[in-house]
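The two complexes that follow have chain A in common; it is paired with chain B in the first and with chain C in the second.
Take a look at the complex of A and B:
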């Protein structure tokens, strides 16, 4: 490579470029709000010098549906069609957290089998979400074909969800007291068939992506997260694990049945886009292994739901709680406060993209080539719907 | 290793705690005075190892005339969550900015400023729009904001959509004599 003459570029100091916008040397450019591979809309306002980004601002608001406000006027059971829509590709994490928060505040214990089914559901949705991410990350870096394969395999997982819950994308399957239904007959065999298909896809996608020198050239060194930045920006999930942080809510604060399953926290040390790619690929394989463990360990018979009070007249005592789970982007949390009435007083969703896509992306994006900013967004795994609930 | 109870005890001795609630062994909510919040947060971050800020949120207690602001912190050494709450007046809603402590705080404060109308003087870009562009009127997450009235005033309803009384409708269409 050749050394660039950096004299014409503004000086970048701690993630901030020092420049005069009205000197007419720089160009404002809007990237988005539509991005292929990113579910939802989010605009990036770029200021570029040549083809290098010197300033970046994230603009959200294209998707604001006011869910937190709407939930204040709905009964607890009426909130379920809303909570699953907060994160489009991974709705079950929302459903689980909201039902678990209600169960904790109302003092409901759910049966053993329901806990296992919930764990299975969460792992399946993790696999589906990662497959969607493979599509976004590969597509943003010019490997459109891999994206097509991955999205097609996500559809196989969605077919399983349809069989299990009755819906493909928004399941509304976990409700306070357990889950809505049991498995159909022969589900486990069809699940195994899909897992084998996904294993083959992961193998193929790994060959195409990890051994690809073009992709390596673009991802190695892109958006480096140093270990010091993790706490400074509140980075969680695979983005933190790519920088060597051994943090996973499933291990640190085990929920459901994760303490009975055998898995290790996946970490890489480089902290760049390529390390995060490797972390996510390994987690996909891990998720398949977890699904197999859950299916072999879960009880075959038993109740999957306990009786709850009439949901239309259900009042939950005053209280507040915070529950979290590990989604594909990291720690996902629900803060629920009740005031003794039939409605939630306040529900706040802590989506990991909130920090990753706004404050972190604005910091990491400076100095990146325009062509790589879509890849950086994909590498941070941003889902705009959870930023603006 | 420091436990969450030790940390809460330290906060009680140094800064004073108005109320304390142990929700789970790994989740405690404490209420502190408004002017102590930043000191408590710095103490928790630097000395008690609550290095991860999970989120900041607010609740509008309209009937009591105040906002509750919650800062939720997480400790990766003993894997516990500590919620630091404070109450501020609803009339003169402003809170001290904590943007110097964590990188993502400024974004949360921008959102709270827009959704609740809580001002954070000194916070970077706090007056810029976050999710709502060109919003006028009272901030939407306040309890006295009426969503139904807003939608009736803002949007045109499609004509020809009649609302039926379920009882009469059922009688007319399903249970004909």
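Take a look at the complex of A and C:
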């Protein structure tokens, strides 16, 4: 729209601007950690020339609680209340991966029903996480009202979690050995009612966001991820799928009951913020469909938990494992090593936001207008807690 | 820019006319879900302060604190959990593990507290003790049915089949295998409630931990710290620890006794020696001990370790006391008892057998020649039934009968035997008679549930087809042509006004008479203090036929210490062992004047 005289701007070469900071022509600007456009507690150190970003550094550390280290001093059963805190909006992926890793190392098989309940839980948490993202993405681009609806609908999903697990945000529901409780009576009906509300919301939000010329202007062409960048940066999830990569852990490396469910990998080809927006909206509808499939296929009766050794003295033989699952940001991994003692020797969490919010954002952010950086972050869907475990 | 994309967003204006999604707090309140993990409540009557919640809490937000009005007693630490809501993360692991089921959560989640704005300790509270407005609400998160993180059933012990054991003196309990013992040891929550209940305060959670870690040498060291008769106690202990076990509240207690036996079964005498590696230097002082039973020998063991020269005087030809002469071999094989005794003797303890003090040697002699005396002579004088015909041949005491069997003397009891009494001696006599091929009838004054014998002994006797006649008061015994005609008056139980235990009262005229070859009287026994010279007997204090001692088992004469059945009220092996241990410490302190 604005044809700028680019002579005043430093030259940008492969995501790096060539400039002399002490020439006093540029301005340092802190975007975050308190800025509402930064989703979560991280900060972007921007160097701007006019209103264009010519250098970007991601600063984390505002949220570091040392979970990985804490777990080395906790018994195996005491870790599950910790792992969920690694990702606030989508805790269940952590709970599942940690429990599954412990079960694998200890040689425990969990009952059929527990597997189904876990699958349902993961899909519900994906829906809740995407609703949170709608809030972030819409809010960052000036559509505050849509954000309010989405967060309210996320709370409906949290109501379901509260009923099922006993807590709204940190569910602490999946434990090594299964899950901590069965469905309450009538849960499926209330679940269906919430799904219908969410469908209505998605329909409205799509109209406002996808068929919106302002949003299209801002997102089309913003933060283009080319297919070559995917492997270079280790991009996963909807960010990769928006650039045409058919990558989804649920299909590539099926876990739980995903191989018994009917779904396709959602892809778009443009690779820009708008393509990722479309991918995520389609995945929300996909999640709703999967939840319905799970509820209809899962066994109605059966055990949901298998007895594990006394948690106070539980020792797990020497071993190591890496398990992964598809979160809303992409491949989420847990590396767990045990040394035969009563405590995990090492737990390492591979959160997808690590690459997306640090190396990728630092690359894509250069050349972006200051007003768009919040929207770019939203379109990469990053959650800082998983960067700082 | 298409017109459609310009106009379409206005479509959702319709939402402006819809009902808001939020609710208007505080006018509207929203209760937590039925299973919501809200604030804690604790039933402090049910809680025993085992501390499992404190142990599993990953935030260290739970402390066990003393509470007014709750006393420490057997099976209750007297402490209750206090929760710091500045640390709690409401994961509910404390509720999941709570072995009594007393700790729970409500679904209340708002807590307003008035204050002056200072950060004080209001967020730290003791559920069930501090008054909170959610105390009487319905429960929120409950441990779901089918979801237990602890194991509440015992690993079954292999016991010889009834048919096989009722005519055999081979030990009937087979003991745990390694795998079984480790699984049983894994159930323990290591709360230590049992330690306070054990008369000898054995380090139970620690030796159970040693079993889990397969470190039996360490386990032996822990056992010998408080009990040199672990091999015997692992078989015949009255295991009050198991009654106090926290798992007993919602399931079955840990088989602590069998675990102790597992340790001792799996270490040889040489291994005991090498793992204890008892080293001491003689201090030149001499101690005399009267009676080589569990009390006397455990005093001898701990005194020897302290460097004293110990001489034990035993009236019988072998050591062990009631463990040898009272308990039948099918419960405690003599070899196993010898294993305990031999280790004690290997420390240089001398036993002079067949010396009855007062008859073969004077008490005054010992008093003069030794620095201190400990006596633990047991109860050897049977109570009289006070019925006509009690002195007839064929009427014998339970103690004499068991004694004879141990000595290898044929007791000649014939084909039918009546055992009078309901204690452990009566059960041992009845079951031993059974093994000599007799039909056995136990005659007891009160009801089956009033019997002082261990429940398992009663159950096993019943399995072995011992007949029980209860509410029967013996009246007379008449002999005719070699047969004993034993009569008893059937009784009814009458409740006592002062709340005492119900008393049997004879129903007039309701008399049963049956014939037996032998009648064994096992209605209790008293101590025989005739060995004491008159002036010493007068000096010592007695109550209900027992010697009164202080905490260190010192009697009124500062040179004389006493223990075992003649001192303690419980009259079991483990109490005698504890008396011996305490007396050893007491003697050492008295002689070193500290």
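Methods note: the second predicted complex is superposed on the first by the 384 of 389 C-alpha atoms of A that agree within 3 Å, B and C clash if a C-alpha of one lies under 4 Å from a C-alpha of the other, contacts with A are read in each partner's own complex, and residues count from 1 in each chain.
In this text, contacts are C-beta pairs under 8 Å (C-beta built on N, C-alpha and C of every residue); 3 or more make two chains touch, one makes a residue touch a chain.
In this text the structure is predicted, and so the values were computed from the model without any measurement.
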{"item": "Clash-or-fit label for the pair chain B, chain C on chain A", "value": "clash"}
{"item": "Chain B versus chain C as contact partner of A:232, first or second or both or neither", "value": "first"}
{"item": "Which of chain B and chain C A:152 touches, first, second, both or neither", "value": "second"}
{"item": "Partner chain in contact with A:77 - chain B first, chain C second, else both or neither", "value": "second"}
{"item": "First (chain B), second (chain C), both or neither touched by A:167", "value": "second"}
{"item": "Chain B versus chain C as contact partner of A:133, first or second or both or neither", "value": "neither"}
{"item": "Residues on chain A engaged by chain C in the complex (per definition of touch)", "value": "74-75, 77-82, 145, 149, 152-153, 155, 159, 162-163, 165-167, 170, 172, 180-182, 184, 204, 207-208, 211-213, 216-217, 303-305, 307-313"}
{"item": "Chain A contact footprint on chain B (complex, rising order)", "value": "21, 23-24, 26-27, 29, 51-55, 57, 59-60, 70, 72, 76, 79, 81, 83, 102-104, 106-108, 129-133, 140-141, 143, 145, 147"}
{"item": "Chain A-facing residues of chain C, complex", "value": "1-2, 4-6, 8-9, 11-12, 15, 21-22, 32-37, 52, 55-56, 58-59, 89-93, 96-97, 140-141, 144, 146-151, 186-190, 209, 212"}
{"item": "Of all residues in chain A, those that touch chain B in their complex", "value": "60-61, 64, 66, 68-70, 72-73, 104, 229, 231-234, 236, 247, 252-253, 319-322, 324, 331, 333, 335, 337, 345-346, 348, 350, 354-355, 358-360, 363, 387-388"}
